[in-house]
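Multiple structures are listed underneath, in structure tokens.
Here subunit A shows up in two complexes: once beside subunit B, once beside subunit C.
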Partner chain A sequence: MTPLGLYEPGASPLHRAGAGWKLLGILALAIAAFVLRDPLWLGVLAAVAVLGYPIARIPSRRCLQSARTFGVLVVVVFALQWLLLGLDGAIVVGLRLVTALAAANLYTLTTRIVDVIGSVERGLGPLRRIGLRPERLGLLVGLTVQAVGTLAGIAGEVREAAKARDAGWSATAFAVPFLVRTLRHADELGEALAARGEGER
Partner chain B sequence: MPDQRTTLPAAELARTVVFAAFIAVLGLFPGFYLGGSGVPIVVQNIGPLLVGALLGAKRGTASVVLMLAVTAIGLPLLSGGRGGIASFIGPSGGFLIGWIASALVTGLVATRFARPGLPALLLATVAGLVADYVIGIPFLGFYTGDFGAAAVQSLVFLPGDAVKVVLAALIASVVHRALPTVVGRKG
Partner chain C sequence: MIEFRGVGHRYGERVVLSEVDLCLEQRRVAFVGANGSGKSTLARMVNGLVHPTEGSVSVDGLDPVRNGRAVRKRVGFVFTNPDSQIVMPTPEEDVAFSLRGKGISKDERERKARELLSAYGLGGHLEHPAHQLSGGQKQLLALCAMLVREPDVLVCDEPTTLLDLRNKRRFVELLGSLEQQVLLVTHDLDLLGGFDRVVVIDGGRVVADDTPEPALRYYRKLAE
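Now for the complex of A and B:
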């Protein structure tokens, strides 16, 4: 995992568009794809979504990577629909799928996580009235990413220990020590947060 | 039941964060194939069941919500390095959103028992899996326009999920026995 997540740096118009507006645009595209039933219009929507990739100048390596991840899904769903609902239904579902997945994935590729957090925090601003604090989202995201790194390290150590005891991939020989150490790490993090005054309401 | 206020908010926050990360780390394990069905069985969706069974409904659900939120904003934390909102919009997105219900229901059932043993935890994890299906199958049906076909398609996951339900209950019961005072507080 790179520190940028799935973001692909760039300076295209799609990269520069505001994260919030872009998200609304994708939602509109997805809703249109679900409302329309005409394969011709659905084809146009799918083409719009796919054309976004050259417009955003996504390198072909990342395009291929996305196509592999989602292409398998589209092919499997298409084949199943053809089998169960006939070709016409399969085309409608397939085009919907291509539109929604291509657009949503493009959003992820062209939007920095910091910007997403920023626009979500602004969007959730009204929730402050019911006592939530959206500005803590960034802190939560950062802490979670850090914890993923720590736990991945712990998982590796526990796996080595299980191997040394000849327990191999035995589910309990791995999962139980892993969970116990995960809980211990949570306690340590809790103490560290409390020491910094976090959680005082 | 011990007084809830004995735990600091910071400790609760830390558990939510660390167990969100725990579910993400489960996504690092490669999927395996069961009985040559051709459907990869991923380990990750055991996470919501375990988190619900160990942390209870409130914190378990919070962990799953946080993990899904961090995934949705673009971190590749799902099995196979997937992430972003595309995973939620796709046909199996309902099963992902259903993780929230999974943790909630598992936690609610597990915390009904003062000292959840294996049978109680098994009941809880089965209920949690059903909750996931209750959201995932109609979502898939809405996507494909045929509810019956969606239910039939989902049957391919049943053998793998059955194994995971038993594993989650087994693991949770051992952890509950190892740390009876730490886990499973009502909340």
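Now for the complex of A and C:
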């Protein structure tokens, strides 16, 4: 299990801020990054997102971990865009991606899942009147945030197992066990949730 | 009390359980049998995760098929793989999660979680990443997540498979000390000394049902 996307306990202002406000903040940041096109402004947004890490006093070990995981993605996307759109377009897309990933990751690092669930439940409370079930939606959002960490963990284990057998990298050798493990996890998780009184059946 | 009346189960054409009639009232009941003999299928019927295709199951007079929610309030279930049972990032949050929908405040849920975890020796790990606990600690956490719901019956499907010998012993001793009725599916025959009753399953049928010593003697002979 990689600690990616897992809460990092702390007492920084970002940890203490309400989960709902933080979520709104990230949304605002993401929308701004999507709307703006000027690389200068996008650079400022990316810097804001990255600056959040020292403010939240995230240990450098966790920062490096995130940078390594997302770095690969950003580099690949950047290279592709450079080929397709040219350098200017690639810079814009790259900065948007850095902003979104850094902000979303920072949110999961500084917010406990229960608080995420709670704020979604409260925020969507009024929807109860039109027949929606905020507690279900809250759980859904919480489990989705959790799933990022779980999937990353499974992917890591599958890669290691392939390495141990000297299997090299092949798409099927990765995809098949990854899918099987993911589906089995989903199945077991469903049963475990039912056993804890969640779900209808 | 848990009752199986003429219970059978098939997956498509494949019959995996047939003619199971059991009346479980003892406090400690174990199920043993070869791989694929149908133990997990039988255990899952107790809380309605699997529905019998023949006959019926009842838990205190309730049918797990029709009253799934009510039955699951009475019956806790501990699975083999703790990683799939831990749904929240830390032990405290995970145990508190079990109390969602019970109409208690968040502070109260977390207080109960802390209390129980401390009682089971996990007090020093309340806020650690749950997935970094050792296998035995995770299994304890999975147990706590069930116990906090205060079930009358606890069904455990090979909960000690991933544990070392010492943790196995501890875990089973712990099960023995609970006030709940415990139904345990296991391959660890050495741990069943204190049980009231052992049911041996073979090819989807109950082939022996006795106190541990004669039942296990029968089972060992079966395996020869």
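Everything that follows uses one rule, which is that the second predicted complex is superposed on the first by the 129 of 201 C-alpha atoms of A that agree within 3 Å, B and C clash if a C-alpha of one lies under 4 Å from a C-alpha of the other, contacts with A are read in each partner's own complex, and residues count from 1 in each chain.
The rule is short, and it goes like this: a contact is a pair of C-beta atoms (placed from the backbone, for glycine too) under 8 Å apart; a residue touches a chain by one contact, two chains touch by 3 or more.
Just so we're clear, the structure is a prediction, and the values are computed from it rather than from any experiment.
Asks: Touch test for A:L84: subunit B only (first), subunit C only (second), both, or neither?
Replies: Once the two structures are laid over each other on A, A:L84 reaches subunit B alone.
Asks: May I ask you to decide whether A:L143 touches subunit B, subunit C, both, or neither, giving the answer as first, second, both or neither?
Replies: Both partners.
Asks: Identify the partner contact of A:Y7: answer first if only subunit B is touched, second if only subunit C is, both if each is, neither if none is.
Replies: Both partners.
Asks: Return first, second, both or neither, reflecting whether A:L97 touches subunit B, subunit C, both chains, or no partner chain.
Replies: Touch status of A:L97: first partner only.
Asks: After lining up the shared chain so the two structures overlap, which partner does A:I113 touch, if you call subunit B first and subunit C second: first, second, both or neither?
Replies: A:I113: touches subunit B and subunit C.
Asks: Once the shared chain is lined up, is A:A194 touching subunit B (first), subunit C (second), both, or neither of them?
Replies: Touch status of A:A194: both partners.
Asks: Applying the document's definition of touch, where does A:E135 land relative to subunit B and subunit C: first, second, both, or neither?
Replies: A:E135 contacts subunit C only, not subunit B.
Asks: Which partner, subunit B or subunit C, touches the larger number of subunit A residues?
Replies: Per-residue touch count on subunit A favours B.
Asks: Residue by residue on subunit A, keep only those touching subunit B in one complex and subunit C in the other, then list them.
Replies: 1, 6-7, 113, 143, 185, 188-189, 191-194, 198, 200-201
Asks: Going by the contact rule set out above, which residues of subunit A touch subunit B in the complex?
Replies: Residues 1, 5-7, 26, 30, 69-70, 73, 77, 80-81, 84-85, 89, 92-93, 96-97, 100-101, 104-105, 107-109, 111, 113, 116-117, 120, 137, 140-141, 143-145, 147-148, 150-152, 155, 171-172, 175-176, 179-180, 182-183, 185-194, 198-201.
Asks: Once bound in the complex, which stretches of subunit C touch subunit A?
Replies: Touch list, subunit C to subunit A: 44, 47-49, 68-69, 72-73, 76-77, 79, 81, 83-85, 87-90, 93, 96-98, 100-101, 106, 127, 129, 131-132, 145-146, 149.
Asks: Hey, which residues of subunit B end up touching subunit A in the complex?
Replies: Counting only subunit B, the residues touching subunit A are 8-15, 17-22, 24-25, 28, 50, 54, 66-67, 69-70, 73-77, 80-86, 88-92, 143-146, 149, 152-153, 167, 170-171, 174-175, 178-179, 182-183.
Asks: State the interface residues of subunit A toward subunit C in the complex, per the touch definition above.
Replies: Residues of subunit A touching subunit C: 1, 3, 6-7, 9, 112-114, 118, 135, 139, 143, 146, 149, 153, 185, 188-189, 191-198, 200-201.
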